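Dropping the structures in below, format is structure tokens.
Next come two complexes, and both contain subunit A; in the first it sits with subunit B, in the second with subunit C.
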Partner chain A sequence: MRASCHCIAALAAVLCPALMFAGTISGKVTYTGTPVKQKPIDMSKEPSCAQQHPTPITTETIVTGANNTLGNVVVYISAGADDANAPSQTVTFTQKGCQYIPHVIALHTGQELQVSNADQTSHNIHPLAKVNREWNKSQPPGSPAIQEKFDQPEFISVKCNIHPWMHGWFAVLKTNHYSITGDSGGFSLPNLPPGKYTVTAWHEDYGTQTQDVTITGNETKSIDFSFKAKAY
Partner chain B sequence: MNGLKPAHLLTATVSFVLTIGISSRAQDAPDVGPHPPMPEVQMESHIGKLTGHSKDAKSDFRRYCAGCHGDLGDGNGENAVWLDPKPRNFTLATFKCRSTLTGTLPTDQDIFNSIGRGFANSNMPIWNTLSNQERADLVAYIKTFSPRWQKEKAGDPIQIPPEPPVTIESISHGKALFTKLECWKCHGPQGKGDGPSAATLTDSQDQPIRPYNFAAGKDDSRFKCGSTNQDIYKIFMTGVDGTPMPSFADTIQPNDAWDLVHFLRTLQVNRHSKENDVLKAAGGKIPLYVEKQAEAPTSQPGNRAAGGGN
Partner chain C sequence: MGGKIFAVLVIVIAIASAVPIITHTFLGASVTPPQDISTHGAEIDKQLDETMIEAGLSFLAAQLLLGVFVWQFGGRKAGPLKNFPGGSKYLVLAALLLVGAEAIALGAMGTKAWAKVYFQPASADALPIQAQAGQFAFYFRYAGPDGKFGAIHPEKIDEGNSNFFGLDPENDIPARDDITSGELVIPVNKEIHLMMHAKDVGHSFYVRELRIQQDFVPGLDLSLHFTATKVGRYEIVCTQLCGLGHYNMKAYLNVMSQDDFDKWLKAQSS
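What follows is the complex of A and B.
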């Protein structure tokens, strides 16, 4: 049943590529106001990590670029494009220099997540899930990657209790249409069939915003999000 | 029915609209406020030959538990503001003392044991005044607070191989593991709960929490999840969910875990134990552990390295 659906979809994609997955929603995320200054992280309690950062790294709660652009924003289709299936590729999340790389990952419900430790120190990976199962696993240096998945959509705060400055996010979504902004704030959601969509932009500190967009055919719709910086 | 006059129709319509209006307004009420209405779910628990029924625990829960854990089981009872650590929020279905892996639901027996044992260093008393049946019913009642209990089965209890004899070698290897796995980062080099990360620890509700101090006190009464060697084995293998203490099930082999248990017992310096006797007989000093891997290829195939132990 699924195989035949795929065949038809593939056939249609070959015959009329322009009509099939034509639409793209793209744009930029910016902020207004003055964002709180990020603090340098003191890693002196973990020398093996401290020496990896000749210049101390800062917290990554607010990451910005030139012209008030905002990074680490997850922009995704929150309605109109529910994909039932998780993609088969694995999403990776690495602990390196006592820092989560990247700070925010997005993945589909049921998609394989691989957490690895590139450091010479033990970490504990502790996703503070409220909807999904909360778990907490130790990962000493050199141990194999931890494989996990999450069943329910949720923005999960992740921390390492041993190194309290380590903080990241797992954005578990019901869609494969998402984009995480870099410090230039840009995002692009391609391959959207014609339809009505709700686009949500989520930022860990500034909250969420939504916009409705209709894709009618082979077109690129441009939308922008602007968050108000919190003053503390 | 055929002879409905326009006037009747009108009243019918008006009253219909009114009913809708009123009923939709009436439906608003339960959504107001912090708690969604709790559906009436009936759950069972199975502890040995006992079967607990949630419906039979309603009055016991209100009388003995709700003061702290709240009517809705969310840990917001009227006494909760005065308590530290905070009462368990059963709606999250996250439990500290489990025989099952991290992230899974505990067994009914695990919760039953917790009620009977109480929680050391907290306001949760030992409920040995309640009968076994009452406690089994309460276990079932606790399971009504989270939908997870209807969707998921409890995790499988971890396999614990029989405890090997305590030797100075096992203690020495346990100490090497304690160092290598960096247990000391929180628990401190002497297990006094004063490691470099100790001061910053918070639980999953953002409340400050202290790592266990092995050295304090003379006995085991302060262990939260039971005080036998098997209980200590379980704590670090399953992790203490909802707290900074992670699971080591993926990183410690079963026989190595027993060595760690033996070493942890020697951190209880004031407690009389077979581990402390062995340590005393060996001169009171734990020798440095020497990795035995050099001889592995020729001798003892699949012994410790295989780690199965069963």
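What follows is the complex of A and C.
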């Protein structure tokens, strides 16, 4: 009886190393300096969208929180945790009020992406891919969601030609270990088996930064990233 | 018999066609007035009326004449017609001269209205505004408090970041206070100097109430000037098929009192 218990424990350890030694890398992304003020978006051309925003929304290139925290940063394991398989769940990207929600999404190569239109106007989704195949699909109001996949890792800028102010990003990664910071700048990359990792933080305007982290066991390593804000 | 029926038909068509011409010329203004908010519009409207009357009368006359001939000769069996005096050569020449004279006369008279907009430069105190057309939106730029436009760097265009014109505020000081708007906001009774360029393909700037329709041509900097005389909000539409979003390529012309305009401009630059 006791032997079989050991057996199960050993089996579990082999099958689920992440659960047995669940290392986590977490931290905060901040900026130094004064970021450029975000501009209000003029949607007068599209009244059905404009009326959804009684106060005009602003561009989302730089999203910050209290204490100089930086949002919309994709923090991911760029080396050490390549995952061969894409998760089966679909990543969703919505067009609502002539705005992309969310502004940045991350997905695995080959992972199903679903783009939907919640507006009363037509949009065209145009990911300006350079490594992957570039496509540009029109989506009238009420039409079914567009299903797509990307084969290669790439940060893809997404635009709508009908509403030129609309801008978003697809971060196509070859790992499932990623985190996108909110206003508070926090990120957490859990379930990391022991090993050496390179953690990359990517921001659409401020570029990328990397740090090497070694996870030895069931521990939480704390790392922070700090970007220098551009004045313009 | 068949010839007579045909002749009557031709005349009926002529009279039926005259109905919209007459309605437009004599009743048009009171039936569906596309209101005119420009200083030069009256002249264009007058020119259009003249063209309509002249072309309408010529059309009616030609159609009635055709009817008469069909009535007269429609039933004839084959046989030689009496020649036009001097032969067909002179007939063709006479027709060409007649039509040519009419076209030239209309053109010559129309030039006056056209030249007011295109041959006279904008006055020195006109408010300069830059208009950019791109797939599929218009954007307008004001020089800002320094009165100077920043230089345009197409490679810097970053629409997601609201840099529609490709300004470089980091290195170019005049660009820093430039104001970009999706709406063409102008003061009333003030001459506007619109400097137009296309970002990608051909587009057009059409404001019905302003009596202005001018194409954007890629690679050309085109200049237009006008004065709006009525406060209000009017539609600017693209009238050159420019791609899949063409149907949705529009903006608004917002004519304000000088006070409101100054306030608006101030709010934009803060």
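Everything below uses one rule, namely that the second predicted complex is superposed on the first by the 213 of 232 C-alpha atoms of A that agree within 3 Å, B and C clash if a C-alpha of one lies under 4 Å from a C-alpha of the other, contacts with A are read in each partner's own complex, and residues count from 1 in each chain.
Throughout what follows, contacts are C-beta pairs under 8 Å (C-beta built on N, C-alpha and C of every residue); 3 or more make two chains touch, one makes a residue touch a chain.
Quick caveat: nothing in here was measured; it's all calculated off a predicted structure.
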| item | value |
| --- | --- |
| Superposed partners subunit B and subunit C on subunit A - clash or fit | clash |
| Which of subunit B and subunit C A:I146 touches, first, second, both or neither | first |
| Partner chain(s) touched by A:K45 [first = subunit B, second = subunit C, both, neither] | both |
| Which superposed partner A:T121 touches (first subunit B, second subunit C, both, neither) | both |
| First, second, both or neither for A:H203, with subunit B first and subunit C second | neither |
| Partner chain in contact with A:I162 - subunit B first, subunit C second, else both or neither | both |
| Partner chain in contact with A:S138 - subunit B first, subunit C second, else both or neither | both |
| Partner chain in contact with A:A231 - subunit B first, subunit C second, else both or neither | second |
| Superposed model, subunit B segment overlapping subunit C, candidates 145-153, 181-189 or 217-225 | 181-189 |
| Overlapping contact positions on subunit A, where the subunit C interface meets the subunit B interface | 45, 121-122, 124, 138, 161-164 |
| Subunit A - residues contacting subunit B, complex | 45, 121-122, 124-126, 128, 130, 133-140, 143-144, 146, 161-164 |
| Parts of subunit C lying in touch with subunit A, wherever the complex brings them together | 134-138, 159-162, 164, 169-170, 176, 181-183, 243-245, 248, 250-252 |
| Partner subunit C, residues of subunit A touching it in the complex | 39, 41-46, 59, 61, 121-122, 124, 138, 157, 159, 161-168, 205, 230-232 |
| Parts of subunit B lying in touch with subunit A, wherever the complex brings them together | 92, 94, 102-104, 180-182, 185-186, 196-197, 200-202, 204, 239, 241-251 |
